[in-house]
Every structure is written in C-alpha cells, then in structure tokens.
Amino acid sequence: MLTLTQEEIRNAVRAALHEDVGPGDVTTLACIPPEATAVATMNARESLTLAGIAFAETAFRELSPNVEFVRLAEDGQAVAAGAGVLRISGSARALLTAERVALNFVQRLSGVATATARFVATVAGTRARILDTRKTTPGWRRFEKYAVACGGGTNHRVGLHDLSLIKDNHLAALAGAAPNPVAAAVNRARELWPALRVEVEADTLEQVRLAVEAGADIILLDNMPPARLREAAALVAGRAQLEASGGVTLNTVRAIAETGVDFISVGAVTHSARAVDLGLDFA
Amino acid sequence: MLTLTQEEIRNAVRAALHEDVGPGDVTTLACIPPEATAVATMNARESLTLAGIAFAETAFRELSPNVEFVRLAEDGQAVAAGAGVLRISGSARALLTAERVALNFVQRLSGVATATARFVATVAGTRARILDTRKTTPGWRRFEKYAVACGGGTNHRVGLHDLSLIKDNHLAALAGAAPNPVAAAVNRARELWPALRVEVEADTLEQVRLAVEAGADIILLDNMPPARLREAAALVAGRAQLEASGGVTLNTVRAIAETGVDFISVGAVTHSARAVDLGLDFA
Amino acid sequence: MLTLTQEEIRNAVRAALHEDVGPGDVTTLACIPPEATAVATMNARESLTLAGIAFAETAFRELSPNVEFVRLAEDGQAVAAGAGVLRISGSARALLTAERVALNFVQRLSGVATATARFVATVAGTRARILDTRKTTPGWRRFEKYAVACGGGTNHRVGLHDLSLIKDNHLAALAGAAPNPVAAAVNRARELWPALRVEVEADTLEQVRLAVEAGADIILLDNMPPARLREAAALVAGRAQLEASGGVTLNTVRAIAETGVDFISVGAVTHSARAVDLGLDFA
Amino acid sequence: MLTLTQEEIRNAVRAALHEDVGPGDVTTLACIPPEATAVATMNARESLTLAGIAFAETAFRELSPNVEFVRLAEDGQAVAAGAGVLRISGSARALLTAERVALNFVQRLSGVATATARFVATVAGTRARILDTRKTTPGWRRFEKYAVACGGGTNHRVGLHDLSLIKDNHLAALAGAAPNPVAAAVNRARELWPALRVEVEADTLEQVRLAVEAGADIILLDNMPPARLREAAALVAGRAQLEASGGVTLNTVRAIAETGVDFISVGAVTHSARAVDLGLDFA
Amino acid sequence: MLTLTQEEIRNAVRAALHEDVGPGDVTTLACIPPEATAVATMNARESLTLAGIAFAETAFRELSPNVEFVRLAEDGQAVAAGAGVLRISGSARALLTAERVALNFVQRLSGVATATARFVATVAGTRARILDTRKTTPGWRRFEKYAVACGGGTNHRVGLHDLSLIKDNHLAALAGAAPNPVAAAVNRARELWPALRVEVEADTLEQVRLAVEAGADIILLDNMPPARLREAAALVAGRAQLEASGGVTLNTVRAIAETGVDFISVGAVTHSARAVDLGLDFA
Amino acid sequence: MLTLTQEEIRNAVRAALHEDVGPGDVTTLACIPPEATAVATMNARESLTLAGIAFAETAFRELSPNVEFVRLAEDGQAVAAGAGVLRISGSARALLTAERVALNFVQRLSGVATATARFVATVAGTRARILDTRKTTPGWRRFEKYAVACGGGTNHRVGLHDLSLIKDNHLAALAGAAPNPVAAAVNRARELWPALRVEVEADTLEQVRLAVEAGADIILLDNMPPARLREAAALVAGRAQLEASGGVTLNTVRAIAETGVDFISVGAVTHSARAVDLGLDFA
C-alpha cells in the first residue's frame, strides 16, 4: 500500500491554493481583520470512508502556521453522516481562504475511498481483492491510489514502468515475427527487465493456456463471464495469479469474486467516483 | 469563455506522461520495434459532448512529433455512441504508450462537458445560464472550466481573486463592528478593489433587500425554493443580477430557471461528473 | 490593497541572492571568519516613504536563520533623512553578503512608495484617488503594486484578466461588425465574463455618453484637459465611475483631481520612480 | 560585454506574460476574433538609445509564432523622437495582448541604455570608461548590464563571486588579527581564489599606497574629489587600475574622467534610470 | 534495456551548460566573432565502447541549432584508439563553448560502457548475465544504467520501488515477530505489491532453502565463493533465479559465471569506472 | 576554497532520493513497522580522506527529521580503514531507505578527496599547488570542487565565465586578423571583462614569452617535460603565475612540482576517481 510523503501533499496543496487564491482572497481581505480568529469543524454530510485529511490540514497550515487541529477521524475510517472529521482553530482569514481547497481534496479523495470500500465490502469472504487501474485523473495517480488503499483496495502497478502487461495490441505486433507471440513477448520482457513481473492479457481459454505455459506471473482475464472465469481458474490451477477485469459493477462483482480469481480491477473507483459531501461549519 | 493555451495543455500532458510512463513503458519497449507504425481511432462508446481533444493529440505528439491526426469531431460537439472523434497514425510505440493518458484526459473533460450540456439543455428557453463553481479538482480548475464552456455553460469567477463574494461568514465577522454589515462589506470591497464586481450571498428576502441597497452587482440566492426565488426576483427588479445556488439537480433546475434568475450555479458538473467512455481501436 | 505572502517574498529574495552571490561571496569568505558577528543599521539617507522592509529581513535571514532584527519603521511610514529603519545583528558574513540585495529591494520599493505618496498628498481633500497602472517592471507587478499601496495609492486591475478595459483598438476591430461598437463590446464582455467589471476608454464626450449608455462600470477619460473632464463628470452624473489618465504629473494632478473624477492613474510612480537612498552602517 | 541568450529572454518574457495576462486577456478575447490580423509600429516618443528589442519580438511571438517583424533599429543605436524601432504584423489578439509587456521591457532597458549613453558621451576623449554597479533591479542584473553595454558602458563584476572587492568592512574585521590588514586580505584572496582579480577600496592616499604594495589589481577610490583622484593616479603610476566611485552625476563625471582614472562606476544608470517613452501605433 | 528520451538528455545537457558556462564563455566571446564557423572531430584516444553520443550532439546544438553532425560510431559500438566518433561543423563559438560539456558526458558514459563490456566479454559463453547495481552517481542513475546496457550489461531494478529485495536488515527486524521471517517478508511483499517481483538475500545455504520455499522469484547470493554458489544452484534447481554479488572483479567473474548463476551484479562498473579519453580536434 | 550551502546539498539529496526511492521503498514498507528505530554506524572499509558527510546526514534527515547523528570524523580528515565516520540513530525505515543514497554521495566525494590528497602529499614541500579542472561530472562541478578542497587541493576557475583562458583554438581564430594574436586576445579580454584575470596557454617557450609580454596573469604550460617547465619558469621570472598541465600522474607530479611552477592541474582527481569503500553497519 502506497504512502504519501508530506512533501508531495504540500506541493499539491500549494498549487491548489495558488490556483484558487491567485493574487489574493479579495473578499476575506476586505472583511476580516488579520488578527481575527475562528473555530470550525469539517463535518460529513453523508456517510463515507475518509481519505485525505492531511491535505486539509496542510491547506490551512500553509496560510497560517499556527492553525491547530483536532482530528476526529483518520483516513480509512468509516464516518457516519453528521459526524465531524476535523476541528480547526486559528486565523479566521486562513480558515476562510483555504476552506474550498481543503474541502475539494477531502471530498474527492473520500469519494474514491468510499466507492472502493463498497466494492471491498461486497466481495468480503472471498479470496478476491479489489485492484485499482491506471484510469486515474492525470496528476492525481498517487493520491487516488492512496485513497483506494484507504477504502481497503489493493494497488495495482503504479504505471507503465513497474510491470510488463502484455495486451492484445502488443501480441498483434509480434504475430508475424514469432510462431508463439505470447511466449516471445514473455521471454523478451524477462530478458530486458529481469526485476519485473509479467502479466498477460487473455480473452479466451486458449490464450490463458498459452500464458500459463509461457510462465506469466499474472493473467488478465478480460471481460469474461463468471462461468468462463471459473474454467480459467481450473485450467490455471494456481500456476499463475488471475485478475478479472472489464465492466465490473457493484451488481456483478460478487459473482466474479466467487469464481476463485485473485484480483478484480475496477476502473470506476477512480475514473467515475462521485465527490462525497462534507462541509465546514464555523462555531 | 475561457481558452486554454497550447503551453498549459502541454505542461499538463507532460506531467501526466511522466506520472504514467515513469522510466519507460516496459511492455511496449519489449514487444514493439521502434520503427513500427500503427493507425487507431478514438471512438465514443456512449453519446457525449466532446472536450479535450487537444490534450489527446498533445499526448501522442509528445512521444513522437511525427504522429498525424484527423479530427472527426471538435470540442463542444455532441457525438453519438459509436462515432469516432480522432484518427491517429504514426509510431506504434507512441500510440500504445500514450493511449491511457490521452483517454484519461478526454474521458474526464468530456464527462464534465456532457454533464453540463444536460443542464444547459434542460433550461433552454429561459433566461437562466448555467454557471460552474469553485468545486473543481485541485490543479484542474481551468481545464474543468473550459470543459464547462464546451458543454454550453458559463464560467463564474476563476478564483478568490477576481470577484468579491461576500458570504455569511464574512458578514458574521463584521456583525459587531458595523450597524449594517452588508453595506460595510460592499463599501470596503469597492474601496479596496475598484476593478472588481461585488456579489453578496442572501438567505432571506430581507438580506436580498439589504444587498440591493448596498449596491451589490450580483446576489447569490442560497438554497431558496422556486417560490422564494420568484419573490426575490420581483423585489430586485433588475437592480442586480441574481444567481441561484444549492443542491441543484437535473430534476430541479428547470423550475429554478423559470423563476427569472440570471444564473444557476451547479457544483455537480465538476465535482461529481462521471468520466464518459471512449476507447482507442487499432486498425 | 494587495498583500504579499511570505512565500513570494522569499522566492524573490532567493532568486536575487542567487543572482548576486552566485557560487559565493569570495571576498567575505576570504576575510571574515564564519563565527564573526556584527551589528548594523539600515538608515535613510533622504526623506522617504518606506516599503519592502520584509524583503531586507528575508535576505539576511536566508543566509543565516539566527540574524535578529529590530524594526525602527514600518512599511507605509514616512521616514526622515538620517533616521534608521532596521537594526540587524548576527553573522557578519550574512550581513555583508546580503547587504546589497537587501538595499536593492528597499531602495526601489521605497522609491515607488515615495513617488506615490507625493501624488497622494497633492490631491488630498479631493474625491480623487491615485491608481497605479500596468506599466510595471516585468516580474515585479505585485511588489510594485504593494509599494503603491504603501504610498497611499489604490491598486487598479492586477492584469489583463480581472477587468475588461475596452480601448480604442478593441472598438476599432468591432467597427465594421456592429452599429454601436461600444455597446457590442460591453455586452460581449458581460456575457463572457459575468464576474468581471467593464471599463471603457473614451477620448470624446460623445464616447463618454455611449459608454454610460452601454452600462460601463468605469469610464477611462484619456488625455482630457480639466475643463473637459469636468464636462464628462457632469454628463455622467454618477452613473459610472471616472478614471482620468495620460501624462499626469505632480504639476497637473491637483487640477485634475478637482474636476470630480474618482480615480487618476499615474504610470510614472512605477515606470520611472527613482530609487531612494538608504545605506547600511555597521556599528 | 555580456550577451543574452534567447533562452533567458524567453523565460523572462514568459514570466512577464504570465504575470500580466494571467488566465486570459478578457477584453481582447471578448472583442477581437481569433483570425483577425493587424499591423503596428513601435515608435520612440522621445530620443533614446535602444535596448531590448528582442524582448519585444519574443513577447509577440510567444503568443503567436507567426507574427512577423521588420526591425527599424538595433540595440545600441541612437533613435530620434518619432522614429520607429519595430514593425509588427500578425494576429491582432497577439499584438494587443502582448503590447504592454513588450513596451515594459523596451522602455525600461532603453532607459538604462539612454542614461548610460549620456555618461559615456560626457567623458568622450578621456581614458575613463563608465562601469555599472551591483545596484540593479533584483532579477534583472544581466538584462540591465546588457543595457549598460548597449549604451556604451563597460560591465563591472557580475556579482560577488567573480572578483574579490575588499571593502572597509572587510578590512575592519581583519584589523585586530593582522598587522597589515590590506596585505592580509589580498593574500588570503589570492590563495583561495587564484583565478580571480583583487580590488581594494581606499578612502585615503595612505590606503591607496597600501593597496598598491599589497598587489591589488584594481583600487576603488571612494568619494574622492578630483584633486585627490589626481594625486592617487600619480601615486599609483600604472601599477594598478583605478576606479572612481561615489555620487557621480552628469555634472561631475567629466572632471573625474580627466583625473586619469581608468573607470568610473555609476549606480544611477541602473538604480534610477527613468523609463523612456515608446508606444505602439496600429496602422 | 532502458532507453533515454531526448527530453531527459536535453535537460541534463542544459543544466551542465548552465553549470559550466554560467553567465558566458568570456574567452570565446572575446576572441571568436559570432559568424565564424569551424569543423572538428571527436576522436577516441584509447580503445573504448561508446556511450552518450547523443549528449554530445545535444550540447553543441543547444548553443547553435544549425550545427551539423556526421556520426562515425554509434552507442554500444567498440571504437579503436585513434578512430573518430563524431564530426561536428557549425558555429565556432558553439563548438568551443560546448566542447568540455560534450566531452565530460561522453568520457564518463563511455567509461561505464567500456568497463561493463570487459565484464561481459569475460563471461561470454556462460549463462550468466552482468547486472548493474544502485551504486550509481546520484542524479545519473538512468544515464549510467543506459551506459551499462551499451556495454552489453543487463539492467537490474531502477530503484527501491520496482522490486522487493529483502535483505538481512529487513529480516532482522522481523525476527522477533514471526517464526519464519523469510516467509513472512515474502508474503507481506506479495500482499502489498502484487505487481512486483520478490528477491531475497541469502548468506548461507539454509537461507537459500528458506527463500526458495517462501517462493522468492530471485535469490541474491551474497559474497559466496564459487563452490558455495554451485551448491546453491544445485539446491535451487531452477525454482528461482540466482544473482551472485559481492566484490566481483575481472579476475573472479569467470569462475563465478561458471557456477550456473543467472546474474552477476557488479557495482564497480558504475561506482568506479574511469573516464575514457576522447578529445576534440579542430580541422 | 569553495563552500557548499545547505540548500544546494538538500536539493541534490532530494533529487537523489527521488531517483532511488521513486514511489516508495517497497521492501522497507513491507517489512519494517513505521515506529521501529535503529542505530547504525557508517564505517570506512579502506583508508580515505573524508568528504560529503553533510550529504549523508541530509539524506537520513530528509526522510525523518528526528534522526540524530554523532560525527566521528569531519570532511577533510584522514580516516583509517575500519574507523567510523558517522553514527546514526532514529527511524529504522529512514535508515534503511536512505542508506544507499547516503553512501553513494560519501563514497564518490571521498574518492575525489582521497585521490587529491595523494597528489597533495606527493608535492609537499614544493611551492606547487594542486588544481582541479573542468573535467567534472556534469551536475557535480561544485560538489567535486568542494571535495578537491577537502583533499587539500586548490580550486581553479568555476567555469567558462570567471577567468579568460585563451587556448590555441582561440589564438588560431585570431591568427589572420592580428599580427600578434596573443596580445590581441589579452587586450580584448581585458577590455571586455575588466574584472577578470587572463590566462594564456603556451606550448613553446616563444609562446610563453609572448604571453608574458602581453601581460597574462597566468600561463598554462601544456604538456611540457620538467626541463622545459624549468626553462619557462626562468624566462617568466615571476612576472606571471605558471600552471603545468597535461597527463599528470602520481609518478610524474613530484618532478613537475620541483620545476618551480605555481600550480599543477590534474583532471584525474575528478574525472577518474574511484569511489572509496564505506558501509553502513547496523547495531
């Protein structure tokens, strides 16, 4: 499970403040004296799984190093509608000016965590683990993967560099040049990148068989119905790990998980997660 | 309507490629010879309003300056399910390595544009225009505002710096110090920032009256039912512009629009837009 | 009035130290032992209005975090010739190496503040306020606007993005396409940028009339003699704010201010302010 | 003489455009269609020595790579009031949006060149050359030194790193530790930095003598009247170069130059140069 | 095998030019007119394996985009003493100013490639492949790994993120908490990072056995003499890959390679490679 | 002698950690609990001259600000094989993750210092000082020069900007245009860069004579045998400083030093220094 450094959080928060505040929060500068203080609580307005609380703290603290916090919940924790997650006290200007940036981070990351937690709960008791994908918001890959982990999901590869995932288009390119493109691709990857695992995409049982024989570490079973997944699991018999993928929803995920696959990857938890509702209430 | 520069698109795409490709696309490097070429089409897998096509082109071209494009649709255009939006030909390595980044941008921005276009269509024929909010993905403010405009929406303020929006918390801070906090806040903003417009949030008709008398340019009517909005519009009688806000959905937006307000701001088009489905099909 | 963040001050000071010190202050490294300490006072060598004292402190502190300060004057304050503005004690190396950078900032910014204060004093008792312009040193826009505010001036728009200022060249471009270019331009700006104010440049009374009727928030009266300005003020009768501009000097500014305009913009306070003389005297 | 690279010019221009245009030139976007073209000439509104013409070209070209130029004058050239320096044709949007940034660079740098040229002309026929100082605008050191060279001046050290300049405060620090602080300082600098020249500040003839004997390459004669400078020159008799410094004006510079010193350094040409007046006239 | 992008090469070359040239090549600016041209050849002064030729080209081209090249050898090629590797023609200033930077890159990278090629040649005919390590120059990881590949070596993991390598210190930390620390560590890594391979360090045959049973993908045999390596290979019998490591020299590498290990990692090819001698000869 | 700032050390260390750790040290994250602590000692595994200890401390502290250190040796100090140089205690994760980066810096910089110290010791008792060259690792110029100083060497020019070094190729370019190219080049450099020293390369005694007469500050005697160096020293007779250069080794350097030259420059101390062996031993 991926962990975030304070530095990358700070950099993202600074960029977000720069983007939102620009040359200055003209309303707050006009209405609020520099010495005024305030106390506020960030409250969940619906039930959610929390992620990103450190982003919120960083946003306020960037504007005023003396802001103080009481954490009422931690990342990864389920929070009921109406419950508080963070109490903030300090410069009123800092609280008002950073409010939107703090909420934008927590709402979106908790949205990813909450969506993930629903999938994870739905497959509870099976061997299957929920994986994220590369269908993330550009610039947010690590933050969203962190949120997936907060929701109980497991992180798949970080990017194109840390696992060889041989897909149909890669195999097509080798089709003319090698009698067994799957074996050729696996061997070539092993030779060039001895430190990396190799995964092979398979659309049919025949391709599953070829992938196992080529020594793939993981086989990606793309868009197969549960019955076919079950056959694939029987055929592989533990010689490789299995990842089911393709159009997975809360309605279908349990049946997939019960086929015996090791992993189910779900793009929707990152590419289409709805921001959950949180708000800042001033005392 | 906000326009994006080629430079900011390029910077975002470069960062996204850096994030996804990292030290290299190990699978493509292993399987695809450097000189191989390919042709692919980006197709809509559902009906959508397009936004972000230049991000896709930039992604491919960053990896190979000789990639060529035929645009089959332009940003802002409605695209039917199954229709193509971009034909790409050139280095097979570039096409495979940049595919995900290109799709991630177009899917998300088109998601925002598509959500916006639905709201815009629903209020057609009324005077109300659909506004975006500051509830955007940190780092994506300008991209998402651009996508809102592609969907026919109107851009509200860019950030905290280009309009004074006096909210209840600002007024509360002035409550002790001034007999008429609304007037005090408006005057103070006018004095400090003569170049900027002033908007005042109002929760009641009495506050609407105070805001008009203080000379607000725009009044934000927060969470008012249609009947109350109608009363507010009658009270204001054109002396200020009116923005309705708060929990607006496709079900409620038409009734709001028919009350005579000038603007309706909708956070959901940015903070909770689902990515629309597009895919890259190789010839 | 614009406020500067500690971060933007620090970034500018760091860049200045990098520029001046480069790989090292060879003389100080050769002559001054690392443990030596010193005490110095920054003194005004002519009467001035102070601006930028935080830049000086930051310069010394960047080189040695333990340097200590006693502020003898604050930004915005009038300082007599010979009076001190800052007492500095700490590492002798830091004091000697940062001296020039510290002085370069304070001399220039105080130069802007001092020039502004003279204009402000000259129009005292009239309704007119002194505005800055966009004729600033590239890279110093915010610093110089801050110095203008220290001198009692008012900040005009930050840049091309936060106010529509329709000038003759913009109108000329619309001349063929619209019967009333002023109205067309104002309407177009209102439609695209509902959050922003609109200002229109007028060279004649007829243009002033058109601008008022088009609903301009501010009218820029360019290069008009006082008599004409007075006529313009009478014609507008409070329906828009008025800004006088063009070749304003200390000799002419009072007469302009007495015509009843709201603002007088003066490029010279930024583009041609002379650096005022301050020096560092070691105890 | 210092030369500027295209890259540093481009970086400065980009930062200036970012500062001035921010999220967009709202007026030009509203009024000028993207395909409109225009022709304009940058004209001198007073007589001046030109510097910075490449900054202007870069500003326009950054916004539209197809803008075309005809140079009517080159950097370093004297330009009469009313004469043109650059003809620009291309995208009307680019011309209007970059106008102010282009002018801000050329006006300021030509201001420095023009002030320098006046000092250079005043000492014509003597052996003395006009030097710049480190009293430059932070961030503009190289640009202003370039402008000094355009005006016929000679560049002194770039910063604290490329010449040892031993001043009174350095000597004071060595006073207790060495019988002859001047010799000690010179020797120490020679030992540590064999690649660098050594200059010593002298306020009296006795200090001049010590500096010569210590082997200084250059002696800085600080605030000496012409008679004293003449004595110093006689005393040194060519064994070191001489730089006169301190309160030099157009009224005093000729007399100083005639004393036989090699260099006269003038802070005012950078720290207090008035921007010269140039404007952009559209055809 | 790792490939370098033109962008990372350009960034490194720009930083190197900035570092070496700083504010300007004062000698070349003084002596060489801007319009002078020259022709030069980069020649090997000893036999070597070439790496980094693109860095050299980039260095010259950064200073003058019109410089032209004829490549006389390619990266990875053996070059005899006295043979040319690159012919360069164009601006004399660019050639003289970039000469040292170009040579510094090629000499160092070819030094790494040449050292690697010697190890590779020495193990020719065995199954063992020469791996690099993480003992690289900070900032040069990818460049040196590229040079290793040019010399015929194989790249080990890029960094701490793309392979789990469980060393003695990791196991020691688990010793108290788990009955079989090796199995605990392998399982924990598999669970957290399903996309990554797992390697385990072993100092004894017993540890080798534990690592195989825990399902390690690779076993690092640290500082074992050839006889022990042979025993380890027999014990593992193909169930995992084997990497020999520790104090490998040209004298010992052949005997190690003949034990049947898959990989031999050699820190010296990066941390102690001598720069090979090349020079630039002007025509 | 060049000194490094904490900021440049931190920047280099951060970049190195980013390069090595990337998205995370997967092994340490899997095996070591966040709250575990450890104590380790960095020990010399061979005799060496230490350089770069602050880089090591910075590496650990970047990952955990609470790590504590006891320095057992300082930069510039000779350390015996087996002796410790730094004791580190704190977060076990920080110690394990930063170990390689810390060692990579200290091993390489101490390698340079150790090589330099050998040359310095070999010329002890002569007037000659050992100089570095520009043959440094791109990006490491200042670090390697610092290490040379730690080894008792003297720093030559920082780059192409702070000393004019007129080489044969510069003179060749002037050959047609001036009767005495050496004098022409020296004069031109003096005129353009009055703040900088001038060095001239000479391959023959005749060239030495010309350089002296032209007033060179230093003469570079390239590839001359000791007898010739001695003649050159006699000819120059103290009128300029002398630098011997070209193929200097530990075997030849003493004889060169005894000829009376002031400096001997040695490229090998930077371009070919072997990393010395240090290791981290956990308690």
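The letters A, B, C, D, E and F name the chains in turn, as written, and every chain counts its residues from 1.
The rule is simple: a contact is a pair of C-beta atoms (placed from the backbone, for glycine too) under 8 Å apart; a residue touches a chain by one contact, two chains touch by 3 or more.
Computed from a predicted structure; not experimentally measured.
Enquirer: Using direct touches as single steps, what is the fewest number of steps from chain E over to chain F?
Expert: Tracing touching chains, the least step count from chain E to chain F comes to 1.
Enquirer: Can you spot which of C-D, D-E or A-C is a repeat of the E-F interface, where more than half the contact pairs line up?
Expert: The pair repeating the interface of E-F is C-D.
Enquirer: Decide which interface, D-F or B-D, involves more C-beta pairs in contact, and give its chain pair.
Expert: Ranking B-D and D-F by C-beta contacts puts D-F first.
Enquirer: Among the chains, which is located farthest from chain E on the basis of C-alpha centroids?
Expert: With centres defined by C-alpha atoms, farthest from chain E sits C.
Enquirer: Counting only C-alpha atoms to place each centre, which chain is farthest from chain B?
Expert: For chain B, the chain whose C-alpha mean is farthest off is F.
Enquirer: Just send me the rotation angle from a CA overlay of chain A on chain E, rounded to the nearest 5 degrees.
Expert: Angle of the fitting rotation, chain A to chain E: 180 degrees.
Enquirer: With touch defined as above, tell me whether chain B and chain C contact each other through largely the same residue numbers, more than half shared, or through different ones.
Expert: same
Enquirer: If you average the CA atoms of chain C and of chain E, how many Å lie between those two points?
Expert: 54
Enquirer: So how far apart, in whole Å, are chain A and chain B when each is placed at the average of its C-alpha atoms?
Expert: Here the centre of chain B sits 23 Å away from the centre of chain A.
Enquirer: Could you work out how far the Cα centre of chain B sits from that of chain E, in whole Å?
Expert: The computed centroid separation for chain B versus chain E comes out at 47 Å.
Enquirer: Return the residues of chain E touching two or more other chains; collapse runs of consecutive numbers into ranges.
Expert: In chain E, residues 1, 22-24, 29, 142, 158, 161-163, 192-193, 196 touch at least two other chains, as defined above.
Enquirer: Mind listing the chain A positions that touch chain C in their complex?
Expert: Checking each residue of chain A against chain C gives 23-24, 29.
Enquirer: Touching chain F in the complex: which residues of chain D?
Expert: Spelled out, the residues of chain D in touch with chain F are 1, 129, 131, 154-158, 161-163, 191-197, 199, 217-218, 241, 262-263.
Enquirer: Touching chain A in the complex: which residues of chain C?
Expert: 1-3, 142, 158
Enquirer: Could you list, by residue number, the parts of chain D that touch chain C in their complex?
Expert: Contact set of chain D toward chain C: 12-13, 15-16, 19-33, 36, 38, 92, 96-97, 100-101, 103-105, 107-108, 111, 134-142, 158-167, 169-174, 185, 188-189, 192-193, 196, 271-272, 274-275, 282.
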